[in-house]
Amino acid sequence: MFNKVLIANRGEIAVRIIRACRELGMQTVAVYSEADRQALHVRLADEAYYIGPAPSRESYLRMDHILDVAKKAGAGGIHPGYGFLAERSDFSQACVDAGISFIGPKPSAIAAMGDKAIARATVAAAGVPVVPGTEGEGSLTDEELLKAAQSIGFPLLIKATAGGGGKGMREVRNLEEMPELLESARREALAAFGDGNVYLEKLIEGARHIEFQVIADEDGNTIHLGERECSLQRRHQKLLEEAPSPFIDEDEEFRQKMGAVAVKAAKAVGYVNAGTIEFLVDKDKNFYFLEMNTRLQVEHPITEEVTGLDIVTEQLRIARGRPLSLTQEQVRMQGWAIECRVNAEDPHNNFLPSTGFISHLTVPTGPGVRVDTGVYAGFNISPYYDSLISKLVVKGESRAQAILRMRRALEEYHVVGVKTNIPFHQRILEQARFIAGNFDTRFVEERFSLEKAEEGMETHPEIAAIVATLVANDQTQRSAHIISRGKRDTSNWKWVSRWERMHR
Amino acid sequence: MKYITTIDDTQYEVEILNPRQVSINGKVVEVDFKSVSGQPIYSLLVDGKSYQAHVYTGDEDDLQVLLRGVLHTAKVEDEREKRLRAAAGGGSGEGGEFVLKAPMPGLIVKVAVNEGDEIKKGQVLVILESMKMQNELKSPRDGKVTRIQVKAGDSVEQRQSMISVE
Amino acid sequence: MFNKVLIANRGEIAVRIIRACRELGMQTVAVYSEADRQALHVRLADEAYYIGPAPSRESYLRMDHILDVAKKAGAGGIHPGYGFLAERSDFSQACVDAGISFIGPKPSAIAAMGDKAIARATVAAAGVPVVPGTEGEGSLTDEELLKAAQSIGFPLLIKATAGGGGKGMREVRNLEEMPELLESARREALAAFGDGNVYLEKLIEGARHIEFQVIADEDGNTIHLGERECSLQRRHQKLLEEAPSPFIDEDEEFRQKMGAVAVKAAKAVGYVNAGTIEFLVDKDKNFYFLEMNTRLQVEHPITEEVTGLDIVTEQLRIARGRPLSLTQEQVRMQGWAIECRVNAEDPHNNFLPSTGFISHLTVPTGPGVRVDTGVYAGFNISPYYDSLISKLVVKGESRAQAILRMRRALEEYHVVGVKTNIPFHQRILEQARFIAGNFDTRFVEERFSLEKAEEGMETHPEIAAIVATLVANDQTQRSAHIISRGKRDTSNWKWVSRWERMHR
Amino acid sequence: MKYITTIDDTQYEVEILNPRQVSINGKVVEVDFKSVSGQPIYSLLVDGKSYQAHVYTGDEDDLQVLLRGVLHTAKVEDEREKRLRAAAGGGSGEGGEFVLKAPMPGLIVKVAVNEGDEIKKGQVLVILESMKMQNELKSPRDGKVTRIQVKAGDSVEQRQSMISVE
């Protein structure tokens, strides 16, 4: 049974996994690119090895380098996190071939679920409802897709066969605009996944995105840990998630029905370890299998908060051959959890990514607040990786308490140096429709405007004027004071001061 | 000391009478102002109300004031500076050239215009890939593309000039 | 129903209460002494008022000033936190007289429980078992106490009638040493509480200190929220608490039996709001009422973590006349929580308090970690108040997971500028007896030595030598570099730099 | 650059050969050393092992190195300094006067000795109240009380001299 784990990832998820290993008394091996020498995961791990230049394809996507490090360091397991190599069956296979435990599903399950078309066919055969679309091979030409589109009907979605996270996804309203959208979807898919294949899917209008966390051990025990509501998205990127779903809420029968289907879908591919079944749910409670994410999700903490189960610890246990630590009957959801993804991007400027040096950071603390972060004051956010810098998670006794708590925590959260989407989250949490739980996957794009939401806000321009003036005045006086000093009077220069104190 | 302080688009006359008194637009208020050592955080008490502000220098060398969840852009000038700027003549850059600079480092995916093109406000000029996202950079106004300094496949640094519009 | 709360306290508990108010949408009023102008509670509250010089008796103990502020600010409720005025029936009465809700019990309940002798008589009359000792008046002379001691038998404890927290407490092994110990106990009690009265109590050997959280509404509904294990003490000061108690653990029958007695004790004084019944428990599961703390406890968060109930929010609801939000049957303890009190004191130097400027602070985050703090990087710890700077609370699925998680969190917790007892907690969590749950209130003093525990630790002196040398070498080079610069080249001086950028 | 570095009570000869190589007691190790900007935190990679250290100046102007949960006291001297100190003659203060200074600000509750008293190591000299605790300050060695500069009821500042023992 292995006792040293290589984490083939970076950022908050690498830190999350290192913490879980530490809490199990396991050794940790970090890998890092040139841009990440000072990253938190490198600082916190027991060992750390350089694997290449900043671009992912030269570092975090280099299976060969990562496996070399694992062998050199004697790591018996590799946790892939999410993104990068997490859903690459060839990597999972390469780990197996090298005699290293891949902390995740078997290559065959990744492969089956990784090609969306095969995935849909597989689960449909097991009796799981799927969204109408181009099943089968999935490598259709543009001509074939244009033809298929007419039988599925509009509106529909173009989606990347290899993808996830909204990349390579396009919404099509009519046949005329479809050729151009097909081209851009293929281009984006190719850039993101190295595979330009796309498929079509009927667009369920007013749909909610609700997903079920499943876990399975090597003996075939498979359970679900309830659902997460992930309808709050912008350009198909999740921004805020909650568990349970306000749409399901106290309809325990519906939850168990969907959960049982999720378990069925996982079993259809012989799934082992943690995974997620995503569904689209329409307002009449019809639900359709969307895809399975064969890895740990970004939003796994909200499930941890409501079930009390540590999913990463459970992943490690499963990979070490242990049975699940609880049965389906022992799973109980208590309270309500919300996660806000804190991204380095400017919500006032089209959510443009923001890079730079974090000069100051105040992280919220106190009851019911959890922060999973990969950054710290003094860290430089580089343009090479995604913009997620931390996840703010709160738990409350009820949804109302969780919302109020999240508002409190967001107010306490201050990041200086890069722009973040915190103001976006603050305004979302004030929307009547959000508070009422009445929203679908298109809420942000169709019904929400940050500018409009900010119009009604109480501001204190006079106080801001006083503060700004006092700060500027202080700065003038300080600088005048400094400049007028003799050049040997450097007592405010901390290094000099320390040095002098050390040597006097 | 007397200052003209602009918050967002509104000007205020702020005079620091003494460490505990400030006049704003002629109204005198009692203030208790403290900075938190080593941090860009300030605590201001006015009439018992407690305000906590983060203050830092913005991209345009203005001050950014984050106050009760709202970010304000502040410009503080003393009277002499104000006079100097007035003498230099306002509105200098209004109709001049606009240069699209890279808002962050990244990779040029596509340049969507050619030199000499007449363009509209909101039209996409460049697609820049950064942080695994493709970002469309648009023109802030109507005009004509006078110069293109990048091409698809180029890596650009933050603030690097890419396209000029006149 | 009031909507603005004055917090008559400082430090982490003031911050805790401000957060609860904010999460209920209530306005907050902070008060502060001269030493606390920059304290976190002042920064976070909606309003803040100065109430006097640094010493508590001139500020946080000045009821008149505090009530004046409450009237001026229009606060409809006052939360006293713990310490200071929290257990002063005259303050509770003064609030009532001023038409302000005191967020705590009625003056009569505070008075009845505040005098230990009366408290013991009251609960004994209600059928609650008490530790043998000098009940009755409690203002006995030294002669009377020496006589009583012989009928109680040795060993016994001298305790302050007005006190708590171990102040004025002395342990007596025989009659000979008793007169001197009486004198010092009275002196300390007088200094701490302005009252030199003491009483005697039989010392239960091998005793555990286990307490039950109770809450009661104005309609007389009174429930308990399970127990907390508080046996880990040093000089009668709690340092580490956990919920549930490893001694009770799965003996649900015993828990409910003690809980029912706790509720009975609270009802004996017509208790309203949150309070705690402290028991001594011997190894045969005999338990004795020790005292009731008629206030919020320092260690309330561990009960919040295992029950999922926010006790401060509940206090505010009760004070606003609302019924309890749950029944005894709805209380469920899930998982295991541990709290370490992080004190500014030097565990390597007899736990001497440590004051000074916190120049750097890294606070642990991630799954299952909660930090309730009153300090931040840039804050100056003054000698005027107690040494508690933050509470580190973890929750795990099991006690084992909670212990491992606490170790991980302590490792991540770095405070630079003042000494803390973090190394003490780290070594305690490694003790076999602690891990086995096999300890009593004398464990720290009798069976634990920090020095001995540190002997076996793995250290890396060569690495420390390399780091220290590289840091010192860097400092030399930087200082040399700086000193050789021209005096106008001040680009590294941030204020000058900012100023210049602002004005160029 | 060659240094003599003392960690706790052990001396090490440390030579910085170049930014990536250090020799310690003659053994050459590959190092990757980075400071975290603006923080007293350092990351050191040696042979793949990752060490995070907090380093700051201690009370006695030594360096305090917090490494994997253990606090080390470090003294770093270059060869010149070492020679100078050796020339000044070691062990100067061994049998000299010991002055008890207040470890923190507080209130003197009791002075437990008188001038001229012969005292034992561990004997209580003063009771100092601070942070709501009464703290007993003890003598670190046997000796004789030569001077008492405080009395019960006095407020003392940090580092204020209180009692001299010879």
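By letter and in written order, the chains are A, B, C and D; residue numbering begins at 1 in each of them.
FYI, a contact is a pair of C-beta atoms (placed from the backbone, for glycine too) under 8 Å apart; a residue touches a chain by one contact, two chains touch by 3 or more.
Everything numeric here is computed off the predicted structure, so don't read it as measured data.
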#### Entry: Pair exhibiting more inter-chain C-beta contacts, C-D or A-D
C-D
### Query
Between chain A and chain B, what is the separation of their C-alpha centroids in Å?
31
### Query
Whole-Å distance, chain A centre to chain D centre, using C-alpha means?
46
### Task
Please set out, as single numbers or ranges, the residues of chain A touching at least two other chains.
44, 359, 362, 376, 411, 472, 498, 502
### Query
Taking each residue of chain B in turn, which ones touch at least two of the other chains?
39, 41, 63, 76
### Query
Graph of touching chains, which shape: line, ring, star, complete, other?
other
## Note on the structure
A full list of chain pairs that touch reads A-B, A-C, A-D, B-C, C-D
### Message
Please output the residues of chain A touching chain D within their complex, sorted ascending.
### Response
29-30, 37-38, 42-49, 72-73, 357, 359, 376-380, 498, 501-504
### chain C-touching residues of chain D, taken from the complex the two chains share
1, 3, 5, 7-8, 10, 12, 14, 16, 22, 24, 29, 31, 33, 35, 39-42, 44, 46, 51, 53-56, 63, 65-72, 74, 76, 103-106, 109, 129-136, 138, 158
### Query
Taking the complex as given, what residues does chain B use to touch chain C?
32, 34, 36-39, 41, 43, 45, 48-50, 52, 57, 61-63, 76, 81
### Query
Once bound in the complex, which stretches of chain C touch chain D?
167, 188, 191-192, 344-345, 349-350, 352-355, 359-360, 362, 382-387, 410-411, 414, 416-417, 423, 426, 454, 457-474
### Complex contact set, residues of chain A against chain C
15-16, 19-20, 22-25, 44, 301, 304, 308-310, 312-313, 325, 332, 334-335, 362-363, 365-373, 376, 396-397, 401, 404-405, 408, 411-412, 472, 475-476, 478-479, 482-483, 486-488, 490, 492-493, 495-496, 498-500, 502
